[in-house]
Structure formats: structure tokens, C-alpha cells
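In order of appearance the chains are A, B, C and D, and numbering begins at 1 in each one.
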Amino acid sequence: MSLLKEALQRLFRKPVTLKYPFEKRPVPEGFRGRPVWDMRKCIGCGLCSNVCPSGAIEMVGKGLQSEIKHYVDRCMFCSQCVESCPRNAIKMTQEYELAGFDRSKMLYEYKREI
Amino acid sequence: MRKVRYGSIIKVPFGPQHPALKEPENFMFEIDGDIVVGVHPRIGYNHRGIEKAFERRTYLQNIYLAERICGICSDAHTTCYTQAIENLLGVEAPPRARYIRVIIAELERIHSHGLWVGIAAHEIGFDTLFMYVWRDREVVMDLFETLSGNRVHYAMNTIGGVRRDIPADTVPKIKHGMDFLEKRLKYYLNVVQNEQTILKRTSGVGILKPKDAVELCAVGPTLRASGVKNDVRVDDPYAAYDEIPFNVVTHDGCDVLSRIIVRCEEMLESINIIRYALDHMPEGMIRVRVPMAVPPGETVSRVEAPRGELIHYAKSNGTTKPERYKVRSPTLGNIPALCKMLMGAHIADIPIVLAGIDPCFACMDRMTFIDDKTNKKWVWTMQQLRRKTRK
Amino acid sequence: MAGRRDLIAYNDLKKWIIDPGFCTLCGACEAACPIHSLKIEGETLQYIHDCSEHLEFCPICYDVCPHSEALLLETLSFVTDAPNRRESLGYYRKVLLAQAVDPELRKVSHGGGVVTALLTNSIKQGFVDSVVASRTDEKAPLKLHPSISLVPDDVFSAVDVGYSPSAVAKAFGRAVQEYGKTKIAFVGTPCQVLALRKLESWEHKIVDSLKLVVGFMCLWCFSLKHLFESLEKTHNIKPSQISKIVLEKREYVVYMDSETVRIPINEVRKHILGGCSTCMDYTAELADISVGGAYPLEDWSIVIIRTEVGEEIFDHAVKNGLIQVKSLENEPEVYTHMVDVANFKRKTALEEIEKMKGSGKPVPPITQRMLQPLPKELSLLSSLTVEQIMTKEVMTISPDTTLEELLNIMTKHHHMGYPILDENKQLIGIVTFEDIMKVPPDQRSKTKASEVKPEKLLTAYPDEPALTAYEKMINHRVGRILIVDREDPKKLLGIITKTDIMQTLRWPMKRR
Amino acid sequence: MTTETFLIILQILVFPGAFFLFALAFLYEWVDRKVLARIQSRYGPLYTGPSGILQPLADFLKLLSKEDIVPMAADKILFTLAPVFYAVLPLTSLFIVPVASQKSLVMFEGDLIFVMFTSALMILTVFIAGYSSTSRFSLIGGVRAALQMIGFEIPISLAMIGPAIAAGSLSISNIVQWQQTSLQWTVWLQPIGFAVFVVCSLAEMEFVPFDIPEAETEIVAGWRTEFSGRKLALLRLGRDLELVLASALLTSLYLAGPQQVWLIPPVVTFMIKTAFVVLMFSLLRAIFARFRIDQMVSGMWKYLVPLAILQVILIQLGIGR
């Protein structure tokens, strides 16, 4: 019965649950969400695709002609690519609602403006 | 373990899919009436080939692989991994990094033990306590999110130190969280020790005598709840544990109740460690840069994970990928002791005794083959496996 | 230089810089290498593992090397905001003499202790959170170590000038990556400053944390091993005895516990690092603030402030009473000495390059690039006429001006050469700093400008292409050319200096 | 057809008969879930209807439309009949308990015994349900349910007898009337009996700490493991009706049942009282851990049976009459 008091108190208090899909929780600074590439800064060194532990990043082409393909369905948001990128071309955003039914929609392509 | 009994012995499977086991693992119990007379653990159900995967990835990528051996003690695995690789490289993490590692490891211990107390409450049908403990555990999870950017896979460790600093403005936040948790944990400790229904279900259940515990190589809180003082943090200090004073919590009840109490008190001790570490954290470097390739050699590294002693073994051949990697997770060490505890228990006690070792089967499962008819065990080589797959 | 670049920059770095021995061990490549393949260990650069395993294409280590030709013009854009540019001074806002107010500080430091005072103030005021600089070892006073200072007291002992290479740029990388610092002041020699500026123009992420670049004036660095060996052989000086080596008037003075030995500059020049022998930058032209010794004044330093950031931080230190300043205008000797050394450095470097070219040895890519404009720059120059780029308002002197007066004028305005006009405004020649230096100091008050002017006068016409004027300057190895009227060659219309050429070449570049 | 017959049919089908009772069952499931959730700092049902009040109905309808799987080895007839009985039995009992007025729809001297009988039958149904599914978990669950019945059946019967002795009648409606006419609630006269009744009701409804026959972490869903689709829907309905029955019985026997207070119709007071009882059940199930079956049975016999007997003796001695 030692929980009775707390139980009675809780009965008249607001629940702590967040009504998630309707009420989104703000994420803190430095949250590791979906990474995005800034192709104006990218030099196409291919390091991000090489260090990626889950093979979520694919680089098509070489050097300054390259394109980046990012498969979010494989990404595990470790942010090693951000850490390895020598030029701040990759940033972690605060996007976290990335689940879906269609894998083909989880491919983000980054092309260079010519 | 197999005992032949005549009479109405029925076999009750536990898992691989079972509400008491949140992870797939198979236990076959022989039940005589309501009493367990035989336990047959069949590990390997969830073998993920992680050790082989280690050999295919670079040392840098393996940090994140090590992190995903276990979702709950992810930091313990990376600490152990990075320590092993640091040993091979001959570098040492800077002091501040080691303090940060301690803080993260202890936060993780709080979160892991808190999670476990909730699970234990759930196993004995006390869902309200389960909800309360998990609600308060959110404090730690939020701290993790602020500190590392993720609630579960903190990715704080890297070879040669830690990836993120603990900035001065988050220190009061952590301390505030610790004050709150301390209050709550003391309350839960009080509840656990005074609530009659909990005492009924846990005291005198799943007895593991100190002698058995040592003989069967139990580790972690399971061992300490049997009154044996054993803790890698003290016996073989790593990170900054040699500079931080703390007590090794033991309890000699040898039953599930003392396992709960040991874990609760360990959480309180962790809070003290975190406070001390925050106050005494030195300024300076948080990491050293290391090359991608690791000189040849082999090493073993030990860490006190929330569940007990965690051992990683690494062998390097001078390239950027390890030649062999081996993980001995604490749950594996506790399985023989678990079988001992379960003998003679009631069916109703199985979940709570099973949960009593805080099992993490996903990080435990290894590749062995057992023919349960002849009791023959063997391990397949890579060639044999390949041949099998070709067929 | 090398036509096509290799996809893996290390191959270029090895071929053009490490193998010919131009590396000055600043460690910029180690700091910049994203996979930590390079490592500075002692006086060698180690290549730890094959980076092409991890990278498809990487220009970094070659691009950021201070001896490579890459990004040279881009680096200029950091200082070109400054209103003035003079040869051997670079772009600048202010030139002045300064010293630390604290006499203790002056005693421990070289010169006026300005850098130490400045950085202490910036850390205290929170402009920067750490300082990356060189520091001497107590056991081996000549050997420099890069150091990362976090608290003001650390800086007190940190900043030091010396003659040995120090991997400061590597230390800068460590400060960012290992210490996690975000506001860093960097102190280094001209080549290290250049390395940092190259990192900055490359937009490497570690320079997001760079707040202030302080450059030391540097003649060159020694390979300490060779220097000690030769000192021991020729003068029987043990390295452990040496407490200090100071350059005084083209002589190195080796201070030992009991005695001092004077060694002529040419004797020890053999032992300088490969990259230093062709380096032409004395005053760290790309730094936010350049600081150098104010010989012959003891306890004063000459300070060149080039950028807004530098000016702000320096003024703050002056306002806080940590630094006291004095105008340079009344100290022509100090100025003369500095310019003289700078010219000496440039001259010897040019000689060295000639020698190297003659013997078929490779020349550092950066020098090659500086001496030979790119085709597109040449076409830009040829598309412009002299009139379009020349400076029309020329400071002139009368033939009766004595050299001492002239030096005073130079100290005030920092121009290095002055056309001589007679009373009828007829051009009779030009007198430059080099010409004055040929006259011994004690006779300078008596000698008149017209007496030392060279026989030959290099001129160009306003309607000529700028390229022609430029080629004339290059061929005659002069820094300025006078523009005269085609009809009346005695009528001075303007002047083109190297500064004007630089301004023209870099005008498409815009500071970000 | 006379108007009277029509009225009786209407009473049986709509109010206070089947339809009303179903509605009440769903309402009380919602109250129970909501209160339990609030105690546990959760929201509980939220989106179906205002504050999720229609959630139990939605669950029921959804289950009706789901696939109905019968295990191959199961005894098909028993397996199909068990859920039907499980839903019908509490409904039958509820016709005996006064809901809308002091008099129940069906009343006869000795209907209290009938209610006891149906509650025993329900446990039998549970056992049969567990037995007929031939699953190991179901079997253990069914055996546990039967074993548990041995524990609580005696004290609950004794606790029911208490008010009957006091009222001098074995009819629930008469007990209610006796309480209202003598203007005293039995709960004040026989608090021990009330407590015993509450505890045993928890056991009857398989609420924590007595949810042993369907202990999720031990034997999956116990005797209900193999049921799905319509059968599971019926089981859930039966469970909800059982909650209504238990609270209605408690209200009738100890809290004076439906009572006309000033202008408030008796059905409203009935609902207020039963809702209070449901709230109490929810609170109690939230603050305990589950007992083990041996502990439960021995505890019942050690403590509750003597207490219940003590209460009966006290009544016989004239205390609480």
C-alpha cells in the first residue's frame, strides 16, 4: 500500500505523456537528425561515404563532378560523416520524423548546380 | 542440468517470443506441477554475426557497430571498444575525456538500472511502479539527448577520447537532474523495501549462494547481490574511476529482492559519482587524433557495464580493419548462474528470476551449434558456413 | 609548375614539396588531413597510411601547404581590406611601435612583449578562449614546441620567437579537434600564417574557430640538428651551452652562459630549412597583426596592424593599459632596419631561386607561382593600359634632399622609392631604399638624393599595355616604374608599383 | 401483444436490460482504463469520442471484424461455447441485481444463491476455455483460475451472506430494500465483510494483485491466449459485464443500491455508487504487485476466510445487524 499516496496524487495531476503526433517535442541543440549536404561546399572527396558505418552514403562520380546519394533508411545518425567532412559541407538537422512506407522516398539526392 | 523425473512433467517453452522476454531467446522449462525441475537455455537464437562484421569495417566504423551490440549499454560497449583500440595504438584518452566517459557511463548505469527496476516491477505485475520509474528515467534520457544529441546511441566515445565536450552551461542541468533523481530513487527504494506484495514476490526467490555465484562466474549486480564484492571499476580501474571515490554496493540477500536493492543503491552511488566527476572535471583536451591504421597486436579490455563485467578482445594486423574481434557480454556470464537460480522455482517466478540478471540477449548471442538430441556442440568455420550457403 | 594535379593531393605534396625538401614542418597538412594520414614527428613528416584507401579525391594537404601555389590569391583577400599597401610591409592599416606596460613581461619576452600582453588581454576579455603559439623548452632554449594555452597565465610563458621549426598549425588543428576550442588566437611565422590563411580560404572547418592571426617577422628557421652540428664543429659550442641566439645587424650573436660568439649570417645560412631559402615574406603579410623586433631599440616591438579584427583587439589592449604605443615616424632607424632585413631576405631568396633554376633543381611551387603570373592574369594585364592602373599622385622629392631626410620621409609614408624632380618639375631620376642602404649610415646626413640615384631610369608610357610595363619591371628586377609622357620623357605622369599590379590582379577577388 | 408484454421485452432488451448494461459495461471499462492511466501518469483512451469514451466500443467492434482462429488441436465445441457463456453469465446475473429501482427485473427469494452459482460457473467457463484451447499457457491459466476460485469462493460467499443475514432475506432486491427502509448501509455495519468482498471481487475479476490466471509476463495471456476475433470480443464484453456485476453487487449488498434521493432517479445514484466502486477497484489494482498462486490461495485461507467467518459470527452475535 506504500504507493497509495503517490497514486492518489497522480490521479489528480496532468499526465506526463506527450500526445506525440499532434504535440511534437522540441529537440535540443546539437540533436542528431537527418544530415543534409551543402553541395556548394562539397569537394567530392568521398570521405563521408567511406567512413559511413552503415553504407548509407553513396558518391556518384568523382571529385567536383560528383553527386551524393543519401539513403535515410540505412542511416543511423551517428554523425561520423559530419565529423569527418573537412569542410562543413554536412550538417545534422533537427528532422527526426523520417519513417515511411516507401523506401524509394527515403533516398535524398544532392546534385551540383552547374 | 537435465534431471529425469517420472510423473507429469510438462515442457513449457519460454521464448523466443514471450512477453516476459523482450528479446528473442529460448528457454525450455520442465515443469512438475508448478515447480521448475529442468532448465534448458538455447542461446544463439539472435546471432547477428557482429564479430564477423567487425572484421569487415574500419576501426572508425566499428565504434558505431560496437555501440549497436546493445541498445541499453551502448556506452559500455563503445568504452570497451575504444579502450581496446587505444591500447593497441598506445594512446591514452586525455583526463577530461576520461571524466566525461565516467559521467556518461554512470548516467547510462542509472538509465539501465532504472529501466531494469521498471522491468522487474512489470514482471511481477506492478505496472504502476514500472510507469513511475520509467517516467523518472526520462530525466536521464533527456540529459543524454542534450549532451550527445541522441537518447539511446550517444556516440560519445571515439578512439582517443570523446566526441563532444560537456559545456559548462549544461553542468547545472545535469546536477539538477541528479537532485531530482536522488529524491525519486530514495522513494522507490523505500517502496521496494516496504511494499508487501513486492516483498512476497521477490524475497527468497531465485536464491544464488555466494559460493555458487563465484563458481558459476556470475558478474555484475547479480554477483554483488550475493554479497561478493567485485567490480571492474575498482578491481581494474579504467577511465577516471581510479580518481573518483565511491563504494561498491553489495547486499547479501542472495535473492531477487537484494538484486533490486543493489541496483537501486548503485544508482544512488552513480549519482554521487556524477556529482564528484562534474566538480572535479579537469580542463583541457577531450580527444587525441589517431591514425586510421592500428599497429599489429592483440589486447583485452574490460569495463563494468551496467549488467556486469564486459570483455572485448581485439586482434590487429596493422591494417585499418581488425583481424579478429570478440565480445563477451555480461549476460553470457550470468547464464549458468541463472540456470542455478531457476531450479526449484515456481512458474510464476520464472520471469522475475530471469529478469533478475538483467538479461540482454541481443548482445550475448554467439555462434554455436547444438544438437539437442545428442547434446553435441560445435562451431562452424567460415569455410563450412560458405559451403552450407552454397548448398 | 605541375600541370595537372593528382587526385590524391599527397602524391603532389610528396613530389613537389616533401621530396625536394621545402617542408617547414608547420603541420598544416596534419591539421587539415581528414583521416589523419600525415604526422609531424620531430623534424620529419611521416605518412602513416595510404589515404587513397579512404578518399576518392582530396586536394587538401597540397592546397593548404604554405609552399604550394594553390589558393595564393585567395589568401590575399583576408588583408586587402586595408587601405595601404607597401612593398615589404604588405597591406596594413597602421604601423607603430609598441611595448608591454608591464616591465616584468618585457624582461621575459623578446622585444617589447607586445604579443604576450595582447593575447593575455584578449583571453581575459574573452575575445579568444585559447592561444596557439610556440614555446621554448626550458632544457633546450632554442627548440620550439607548439603549445596551446587556455588561461592567461599560460600565455605569459607561451609566446616565443625562435629559429627552429615548430608545428604550430598542427597544434591549431589539435586545439580545435582535441581541445574543442572555438575562439582561437594563432601566433606564427609568415609561412605558418600563410598556412592558416590557406586553410581559411579552403574553408576547412577547423578555421571556423580561428579568431586572430598574429604573425612574427621571420627571417628563416634553422634545422637545429644541422646548426648544432656545425656550431660544435666550427666554434666548439655545445648545444647545451647556448642560452640565446639573436640576430643583430646581419650577424648572429650566440649567447652562452659566460661568453658571446658572433657568427656572420652567411655562415649559418647553409643550415636553414629548404623552404626558407626561397621565402620572400618577412613581415607576415597575411596576418591580422604582424609583430617584429624594433632593432636598435631595446624593449620595443614594431607592430603592423592589417585587418579590422587586429585593429580592434590591439586598440582594446592599448585602451586597457596593457600596451603602450609610440609613433614610428620619429624612429627612422627602426624602420630602416626592418625594411633592410626584408629586402635582404627577398634578395637572397631571388638569388637562391636563380641558383636553383640554374642547377636544374625544382623550385617551390609557391615561388614559381609568385614570379610567374598565370596566363589569365597576363591576359588581364595585357588588356589594360598603363594609364588605367597607374597611380597618378606621386610623392616626389627635390634633388637636394639628403638621405637622412629621405629616410624620415620613408618612415612616415612607407613608400620605398621617390622620383626626383627639379624645380621645373622635370624628372631627373628615382631614388629607392636599396640605393640609400648602399651608403654607410654615418654619411647619410651629408649625401644628397641625386648623388645616389641610379644612372638608368626605367620608364613606361601611359598608352602602353600594362603587361609591357610589368615585364619591364620583372626584367629589371625593380619594384616600381615611372610613367612619363611619350612626347616629353621628362614629364612625370604617374607611377606603377608592384602594389598597383597586385591590386589589378586581385580585383576580381572579393573578400567573403 | 399487450402493452405490458411489450414493456417487459423493452425492459429486458433496452432499459435496464441488455442494451443499458452493455453501455454501462463499456462505460466502466473506459472509467477503469482512464483512472488507471491517470494514476500511472498516462492519458489512457483519448481520441475515440470525447476523451476516448467510445474506445471500448471501438475495440469491441474491431475485434468483431477480425479473423477468428480456432487452434487445430482445440476442442471446437467447448472452445466456441466458452466465450458465449463467459459473456452471458454475468449478463444473466445482472438481471437479478437491482439497477433502475429497488426491485430488479427478475427477483425471487434466493436469487443471491443464483448469483453465487453463476459466479462459480464463470470460473468453470474459464477453466473450460483454458482447457479446450490445449495451449500450454491456456492450460496453466485455466488451472490457475480454478485454483484461485478455491481461494476466494468461500470468503466471497460468506461476505455475500452477511447482508442477507442482516436483512433476513436471500433476495438481493430485499436486501436493498431493507437497507433503504432501515436507513443504514451495510458497509457501516459490516466493514470487514465489505473489505473481504472487495478483495475477492478483485480476484474474481482477475485484477492485480490477483491477475494470476492471465499473468502476462508469466503465461502470456493465460487462459485467453488462443482466443481471437469474435470470441475475444465476447470475452472482453464478459469481462466488462463482470466489472459491472461486481460493482453492482457491492453497491446492492453494501451500499444500499439504487436509491431515490430527492429528485434524482435511482438509476443515477446507482451509477454514481457503482462508478465509485469501479474507481476504488482501479485504484487498488494500481498499487500492488501480482501474487503467486500459492501465496494467493494460502493468503485467502489464512486471512480472508477467518475474517469472513468472524464477520458472520459478529452478525450472529448481533453486531452489524
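Keep this in mind: a contact is a pair of C-beta atoms (placed from the backbone, for glycine too) under 8 Å apart; a residue touches a chain by one contact, two chains touch by 3 or more.
What you see is a predicted model; the values in this text were computed from it and never measured.
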item	value
Distance-to-centre winner among chains (Cα means, whole assembly as reference)	A
Averaged-CA centre spacing for the pair chain D and chain A, given as whole angstrom	51
Between chain A and chain B, centroid-to-centroid distance (C-alpha), Å	27
CA centroid of chain B to CA centroid of chain D, Å	44
Chain D: positions in contact with at least two other chains	39-42, 286-287
Chain C: positions in contact with at least two other chains	35, 54
Contacts with 2+ other chains: residues of chain B	58, 128-129, 132, 135, 164, 195
Set of all touching chain pairs, with the criterion as stated earlier	A-B, A-C, A-D, B-C, B-D
Touch list for chain A against partner chain B, complex	1-3, 6-7, 16, 27-32, 51-54, 76-80, 83, 92
Contact set on chain B toward chain D in their complex	10-13, 18-20, 34, 121-129, 131-132, 135, 195, 197-198, 200-201, 346-351
Chain D partner contacts - residues on chain A that touch it in the complex	1, 3-4, 7-8, 10-13, 15-17, 19
In the complex, chain A residues that touch chain C	41, 43-47, 50-51, 59, 62-63, 66, 84-88
Complex interface listing, chain D residues touching chain B	39-42, 136-137, 140, 208-209, 211-212, 215-220, 286-295
